[in-house]
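Every chain is named by a letter (A, B, C and D) in the order it is written, and numbering of its residues begins at 1.
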């Protein structure tokens, strides 16, 4: 019966071609969409790099060598950063400790560097690539408000995107803003998946009163103006980063649960589920091993768009002044400063953060389109 | 042959682009359909029978499909060369088609009446009122009771069998010369299938000069309905013959295999015996062998079959077979390949 | 039949409630199966024929107890008695847990070879799953060996075990489904239209395979199909269903060659024959459509389409009555006004 | 079908109750909620009630109690909610009264509490024979001193169901009046951008579907992606910087709804001025739903075009234009119609962002400012109205679906 078993492709693979699972084929397909694939490479690498921002963009020195002792001030920020938004909370090294006479508050490392170079005592300071931090403001010597892009400070340091109303560096804030926005969105999206997927799955599989009840609840939830409600809550209790994440999760698990529910509702009637039941697979395993992997396509393709929505929501909240607590660098807050000074011609205050927002979201949308195309290709055929 | 063919298909090639590779869904198909006959096209999935039918209607979705070469001569006019504006005058008026899936073939958001009247308005230029009047008549003709009332109903209010009747009414509205029926009864239950076949025979009686092209995978339906039969496999015509000839003297190993592999309780000699199965699987059209398309499953295949595709050759008068192992008995056998059939005829 | 009984289905009813109205009250029931009784002996094949919506699939799924999972509000009554070696159990009453030991004894093959295999699992995982659940005494290696042995049994190369279902054709997928059903050495396999989705030239292969397996392992089949000739070919006995009821049951020759019930007669006469010589035989074409199982006609559910219907049929619900020790028909007027067609008259014999 | 809609409308009642209860809870239970705000407002002399330092002035205990009573803080939460809804009666007017001493209530009604046996009776002070109307009295105890006091009060049903959202703390006007003043502006933008986004999306979606994978499709996709990636208000902000500030191309106004001299203009100038002020905000509004609708339209039409009944239509010899715009459109529009409610909701709920960017004095801006100033009655009103708009929108969606799709109509 050798002939009987020549593999005949019902899909695209044929004899001689390597064996690929559906996932592998989808990954290949995704990679063939260059725009989406490269967007993903760019975005992921940027995000990974952004986790090390304190070593790249910071007013704190990477390394200070003073009188035989070595300090690593920026490293502390690095430890602080994964729990984003806690900037400014790190203990600092005072200026006096490093030889800045009369400075009992935090050391000004840029000044320190100049000081050491003048002193030539063998002490040295290694500054990060871009030596301005996101929250140091006009109170630090040399910081001027409303410096235009590419302007130089009195010490000749370059301000890539200028400064804002309080003399804070726009480039540094933009860069940190990316890190925070993206982490925020990833966290919100992942948490809402964590809630939405099992809830939706149970609704779809068990149905009955649980489903009815949850659907009513979701209808109520869906009719609420959620961003406005969040603003109300935020206006009353100024939330931390994580509370804000939770607030958004409370409203964003809904869509995922609904999609999951529809999927499970449909998949449970398919014959492979009946087959699994007929051989006695326990329910938990049917849900996890059989139905779940077959139900993931819509929510996987939705993930990038969830990220887009969550970043947009955070920026909107920040713009209104009800997002992350100041002085956390955030794009929305930057825009709102820009809008307040709209007539003064400080265009970069609006265009830089919105440009960053636009580029980031555009990349995510490109990824999303490619993922959707790879997972759920649209057939186009036309008759005439 | 004194009759003039109504439809002559010559060397039709319709290819499909599947993920970057071209599949020859229909690969050089030639046949004639004469007035007044029921011409059957038999084949399994992927044999190209439906694509052949859609090619005649020029309803190949593009992309991914395309008629690459060939002629489809309807009353001497080459449909392949017509542009799509001119096709609108052919479809529904000269050649009509009914499809396999009655449940999805009617537009769910329009009334039955509108969907029938629309054809009449498009081709006959009748007023809306007249069109609806005719539509009611047509519904009665295809055996739908209370036709006038049901004109305002929507497809979802009809059962599958009823919908197929509506499809037939739509197809017959303008009295086409050719009716192409693509698996018209496959989706229906046996008792409903009998009704629909009966109806088609009845309607056929009313117009002697029209032809029906009946596409099916069910040999029994062919045996009941058709005058001549074409067997397709792998995008190629494998055998064309009169229905009695084909069933009585199947020459192609594939035809023979098909006939033997279906249970025949009506024949005492087969009862209780093991079925004779054709080994192997229906090949994907992306993956056809180089020589004879059937060689991978043929029990009598010789080496030549794997490398060289046999021609479709006349074995006995009007019985064409594509097989190296069948010898013609005719002094001057005709062939569909290469040269025009009309010339040799 | 002197073979020992394996499965007794008695007065099985399966109702799916229909909700409607402002308050979504239960307004009606889809009486998918409405009092069905039959039995299957060891090693026997019972064919179950009927048109779409007659409840034949539901019968199969009720026996294997998968309905409740998919539609939790289904209402089932009657009994499905499985005769294990010495004891008999009513499968309908068993909890999911208690059902477990019987799941290895009764397996199922599905109609759609595409949707009945989980596309995310490899062939090995699919065929091994019942072994993992029921043959815990086997070592993983033994299980893998058995998977390969099973694949070979159903005519697939064991090397294909690592491949995924989408790489196989319909016929091959159906073989995988059969291998999965065979894995635990069941006594009974419920075959839900196992060949109707397959290409004509592949159908015969699968039918032959199923017959071979029956010979080799002594499996009993409940063979559900709408194609009468296929059912005749593979079955020992045939039951004909219409709108949730069995209207006729008997040995295959009794049902196929001397059908008594007008519906069976119409059904058999409606089947076209693959022989143009026999064209134009007198058909009993029954008019109209099959009513929906929500609004079943009162009394005899076939009366709306029955050529011999009488006014009394609206009141009287016919019961299966014996015409021979093995042949039961649910129509009291059989043989009175409508002469039962003999083989010769029907033209089935040459 | 009628039954379906009755069911549909009835089902919104529990949803309405549920959503308003959530709104009520969020605002009521939060620390620094309305009560505290009001108290602080009174402390500061009632001018502004913005967040800030607590005033020096001590508030009379009486006044606080009165406020508590007004907000029903002496009652359980569910009663408070029902009062707020307008289902239960609330004490609308309430005065302290000493037994025997007449008290002026209302315009010129004087009431007196007359002792009758063990208990009292409320009489009209001017003419004891006249009815006291719906005034009632009750006895109460001072929380601290335990003194027995008496109170006359009047009850009425007034709440969000009766359209009474209370009075704004800041403007000292009924909220409904304030909203009615600002509504026309927001509605004009809403309707114009609703119509525009549907018109553009449908046309563009169809063209994109028909020219799938052509240069046209790719080119327009970028526009779609841009509007998808950036929130509408952000697009507005970018446009403002680029097209309204002196720095780049100052061709549009920096914001506002109309020229300050609008009233003195003639009709032509008025129309021009309106249009001039409308361009940028309308783009920002429209962008909010444009991308989603366009892609929905495109994908839906692609699906429809490959369906069997479209093939049937062509097989009948129906011309392409008719097949696409009649047969295919009627079916493809279904998901678009289903989104009507969503789009309306987005316009309404998102309005505060765009109105803020363009400094348009609409209800969005009003409620946002109210939120900053903790003027809760307005905030309540805005949230409740957006819940209602969303619910009405979803019923509208269903109605539109029923008009288009007979399968729903005959359910």
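Simple rule for what comes next: a contact is a pair of C-beta atoms (placed from the backbone, for glycine too) under 8 Å apart; a residue touches a chain by one contact, two chains touch by 3 or more.
Owing to the predicted nature of the structure, the values given are computational and were not obtained by experimental measurement.
Novice: Comparing A-B against A-C, which pair counts more contacting C-beta pairs?
Specialist: A-C
Novice: Which chain wins if you rank chains by how close their C-alpha centre is to the centre of all protein C-alpha atoms?
Specialist: Centre-most chain by C-alpha means: A.
Novice: For subunit C and subunit D, what's the span in angstrom between their mean Cα positions?
Specialist: Averaging C-alpha atoms per chain gives centres 59 Å apart.
Novice: How big is the gap, in whole Å, between where the Cα atoms of subunit A centre and where those of subunit B centre?
Specialist: So the centroids are 57 Å from each other.
Novice: Taking each chain's centre as the mean of its CA atoms, how far is subunit A from subunit D in angstrom?
Specialist: Computed value for the inter-centroid distance: 31 Å.
Novice: For subunit D, which residues are shared contacts with two or more other chains?
Specialist: 306, 311, 314, 320
Novice: Considering subunit A alone, which of its residues make contact with at least two other chains?
Specialist: 1, 4, 8-10, 380-384
Novice: Pull out every residue in subunit B that's touching 2 or more other chains.
Specialist: Within subunit B, residues 59, 61, 84, 87, 279, 281-282, 284, 297 contact more than one other chain.
Novice: Using the touch definition up top, name the residues of subunit A that touch subunit B in the complex.
Specialist: 1, 3-4, 6, 8-10, 12, 14-15, 380-384
Novice: Write out the stretch or stretches of subunit B touching subunit D in their complex.
Specialist: Residues of subunit B touching subunit D: 57, 59, 61, 84, 87-93, 96-97, 99, 101, 104-110, 118-119, 122-123, 154, 156-157, 167, 170.
Novice: Taking the touch rule as given, give the residues of subunit B at its contact with subunit A in the complex, in rising order.
Specialist: Listed in rising order, the residues of subunit B that touch subunit A are 18-19, 21, 59, 61-65, 84, 87, 279-284, 286-287, 296-297.
Novice: Flag every residue of subunit C that touches subunit B in the complex, lowest number first.
Specialist: 51-52, 169-172, 199-205, 207-208, 211, 226, 228-230, 232-233, 256, 266-267, 269-279, 283, 285-287, 289-290, 348-350
Novice: Quick check on the complex: what are the subunit D residues that touch subunit A?
Specialist: The touching residues are 11, 14-16, 18-19, 22-23, 26-27, 30-33, 209-210, 212-213, 225-226, 228-231, 233-234, 237-238, 240-241, 245-248, 254, 299, 302-303, 305-306, 310-311, 314, 320, 323, 345, 348-350, 352-353, 356-357, 367-368, 371-372, 374, 379, 382-383, 386-387, 390-391, 394.
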